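Below you'll find the structures, each written out as structure tokens.
Below are two complexes that have chain A in common, paired first with chain B and then with chain C.
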Partner chain A sequence: MRKLLNTLYVTQPDAYLSLDGDNIVLLKDQQALGRLPLHNLESIITFGYTGASPALMGYCAERNISITFLTASGRFLARVIGQSRGNVTLRKAQYRISDQERESALIARNFIIGKIYNHKWMLERMTRDYPLRVDVERFKSISHQLDEYLYEARSCENLETLRGLEGQAAWHYYQVFDDMILQQKESFTFHGRSRRPPRDHVNAMLSFAYILLTHDMAAALESVGLDAYVGFLHRDRPGRVSLALDMIEELRGIYADRFVLSLINRKEVTPNGFYQKENGAVLMTDETRKLFLKAWQAKKQEMITHPFLGEKIPWGLVPYVQALLLARYLRGDLDEYPPFLWK
Partner chain B sequence: MLVLITYDVQTSSPDGARRLRRVAKVCQNYGQRVQHSVFECIVDAAQLTKLKLELMELIDHEKDSLRIYRLGNKYRNKVEHIGAKPALDLEGTLIF
Partner chain C sequence: MGSKEEDRYLMLSGLQHFLFCKRQWALIHIEQQWEENALTVEGQHLHHKAHQALLREKRGNKLIVRGMPVRSHELQLTGVCDVVEFHLDPEGVELVGEEGRYKAYPIEYKRGRPKKGLEDVIQLVAQAICLEEMLACRIDKGYLYYEQIKHRVEVPITETLRETVQLMAKEMHHYFDKRYTPKVKTGPFCNNCSLKNICLPKLMNKRSVKSYIEGRLSE
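Then we have the complex of A and B:
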């Protein structure tokens, strides 16, 4: 299995990234802030505006190191991708399928199945771990409801119906999301998803986690030679990494949501680590964001056994493995795309 | 794995000074400078072979010396730092 390399986060908005030999050098007022060899890096995520040198971008594009630029508040700005290389036949297969409703639905339904299944088991796990702290009956009834959607999705060959199922399942799941917050209830409550802008602490963290996950997923897709912009469930839209968004559906719950929930429940984040702008947007302070990124990196290093491959890999390689499995399906090596099913 | 590379390059001639600069440059491409002629590199076996070949081409085998210490994957409990200029943990969280 491929080795998971490190991610470099640049949170100082006035740091400029440049290339020196095989090193990335972070400059601030012409002074070197840090220097590290690029062969240890998997990707670079920067917050703020200063930028990077074209030489560095070219170097990274050639070596499959992804660079993503976010605004200081974590909103997505741009991503650097190099010349399209990899496998043309694979990409053509992807485009052909994405043009066909039924063929797309056959893949898309597995994303949705993965998503609902993982949400269901998150709820089941809560009833098992905290029978005295959550409303077990309510959780169980929603879990049964999700079962039914799973059953329906299994034989669904229509994208619109699938989107409907996904929406309903998500609605049910979010009904009990707030109940999974067990600590710091007074300041961390969830009243439904709000984005652009996120309007409370929980949504601010969820949005940020999804951005990080999408970045990892898009980079993984491109490193196996797929086009992250051509999706099966999400329609094509300029500048949107539709396939990456498709692929993170199954990971949102178990990867991002559970990560955010555990930060709250383990009291690693506190309400003081957020501030509100005039337009109602709630954002993390620099301190909290650093803490968040640190925990995210730690999560990526945790080892798990991949449910389909049966191989031990770090969490951080899950997007890569799923991208690989999708590529195998598109090539015809697998009968079906195996979603990441996690109990 | 972590590899420690140290070198002595004789700099009495201008040729030696040039070799010194080049050796430092190559080492820096693979790792970080922790002291003047000491580099720590996190590399795999293939990268180490490449690095070694590059260095062997550069140095003068009569006058210079090169020492390579392989500290393996579990190097964390084998390295201790005291004093100024702490090194960056390249496999830890990298936030600037």
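Then we have the complex of A and C:
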């Protein structure tokens, strides 16, 4: 399997990224803050209004290293990517299917199946690992409910129905999300998803984790030659990486949610690491964001066995492998898109 | 033959990929998926050397031309010959700007040592067919030069080899026209394939995704 390369996160807002030979150099007031060989990097993500030299962008574009510019709070601004791989045939297949409701639904339902299935097993695992801490009966009953949605999704060929099923399944899952927080409950409570803006500590972290995951997914899709902007479940909207959003559905729970839950449950984050803006938005402090990114990198190195391939890979390669599997399906090598079914 | 037609020509160097694995060829030449690895970089370096030296050089009764672009309308292939040696020979053909008659011998440079498979030989035979078309002559042998043993090996351009090249070229065009990446039988050779991270050869022997999903859902 391909090697997992690093992502460089630049959180220093007033740094400037430049190129020196085969290295990236972080400058501040013309002083070098740090330097790193580029050949180990897969992508660079900057927060705040960091600038980058055209020479660096050119170098990265040629070597398939993407550079993404986000605002300090993680909102997407721009991305610099090189030429896509010359695989026109694959993209044409993607566009053709995306124009067709039924064919799109056949793929989209496997994203949703992946998502519901993984949520279900997160709940099942909680009842097994913490039978004394969680309301087992309640968890089990939601798990059974999710089973029914899975069953329905399996034969669903209609996108609207599919979105409905997804919404209902998510509603059930979020009913017990707060119960999965086992530590620091006074300060970390989940009152349902709030996105724009996130209104509590938990949501602030969830939003951030989804941004990172979406970014990794979009980069993975581009690297196998797919267009991250043209989706099957999420319809195209200018500037939205619809396919990346489709593809992270199955990973949100097991990748991002579990990551956030474990930061809280292991007390790696504390309520002091957050602050609230006048408009109610809850944000992480710079310290917490750094800690978060470091833990995220560490999570990427953890090994798992891919359920379909049966091969051991680091978590960080899961987006890449799923992108590859989707490409394989689109070009007719596989009978269906195999979602990542975790247990 | 207009240039439109020539757009359809495939790369002659693809023959060696095609012989090694049809899928590998399709991934490189149809899908243009290419992962640099040490081997390919090294290979390019060597070729660079062979191509860059004096383009034309006379040594006694030999004329040595490097990096010569060639094509065959019959095979619809184009490529570059590392080296073509022209030997003064009364049975040869006349060349523009040269006195006397010459016989042509293609020489292909290879990293490493002679291989068991026919990859290198096939490529050389295709070059010979191109040269024959372009020079209106007959070529009966060529040479493969192997870097590691610092030695050239003579290759007779036989009828059987010519037929093999023709069939291969035909099949390559067939896949290319359909932009189809074939599935193939995988094997230990996949371990030496620079594209195995993209190809995921294991997938080709996998049970269906349908049974994977249904198996999991029924657990």
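What we mean here is this: the second predicted complex is superposed on the first by the 340 of 343 C-alpha atoms of A that agree within 3 Å, B and C clash if a C-alpha of one lies under 4 Å from a C-alpha of the other, contacts with A are read in each partner's own complex, and residues count from 1 in each chain.
Please note the rule applied: contacts are C-beta pairs under 8 Å (C-beta built on N, C-alpha and C of every residue); 3 or more make two chains touch, one makes a residue touch a chain.
Every value quoted in this text rests on a predicted model; they were computed, and no experiment measured them.
*Asks:* Tell me the contact category for A:15 with respect to chain B and chain C: first, second, both or neither.
*Replies:* first
*Asks:* Which partner does A:337 contact after superposing on A: first (chain B), second (chain C), both, neither?
*Replies:* second
*Asks:* Taking the superposition as given, does A:150 touch the first partner, chain B, the second, chain C, both, or neither?
*Replies:* second
*Asks:* Which partner does A:87 reach: the first (chain B), the second (chain C), both, or neither?
*Replies:* In the superposition, A:87 touches chain C alone.
*Asks:* Once the shared chain is lined up, is A:328 touching chain B (first), chain C (second), both, or neither of them?
*Replies:* So A:328 only meets chain C here.
*Asks:* So, does A:253 touch the first partner chain B, the second partner chain C, both, or neither?
*Replies:* neither
*Asks:* Per the contact definition in the header, classify A:273: touching chain B only (first), chain C only (second), both, or neither.
*Replies:* Neither partner.
*Asks:* Would you check which partner chain A:113 touches, where first means chain B only, second means chain C only, and both and neither mean what they say?
*Replies:* second
*Asks:* Residues of chain A touched by chain B versus by chain C: which partner has the larger set?
*Replies:* More residues of chain A are touched by C.
*Asks:* Following superposition on chain A, which residues of chain A contact chain B and also contact chain C?
*Replies:* Residues common to the chain A contacts of chain C and of chain B do not exist here, since the sets are disjoint.
*Asks:* Under the touch definition given earlier, write down the residues of chain A that touch chain C in their complex.
*Replies:* Against chain C, chain A makes touches at 1-2, 85-87, 89-90, 110, 113, 117, 150-151, 154, 224-225, 307-311, 324-325, 328-329, 331, 333-339, 341, 343.
*Asks:* So in the complex, the part of chain A that touches chain B is made up of which residues?
*Replies:* These residues of chain A touch chain B: 3, 6-12, 15, 21-23, 26, 33-37, 39-40, 290, 293-294, 297-298.
*Asks:* Which stretch or stretches of chain B touch chain A in the complex?
*Replies:* 25, 28-32, 41-44, 47, 88, 90-96
*Asks:* Which of the residues in chain C come into contact with chain A in the complex?
*Replies:* Residue list for chain C touching chain A: 30-33, 179, 181, 183, 197-198, 200, 202-204, 206, 208-210, 212-213, 216-217, 219.
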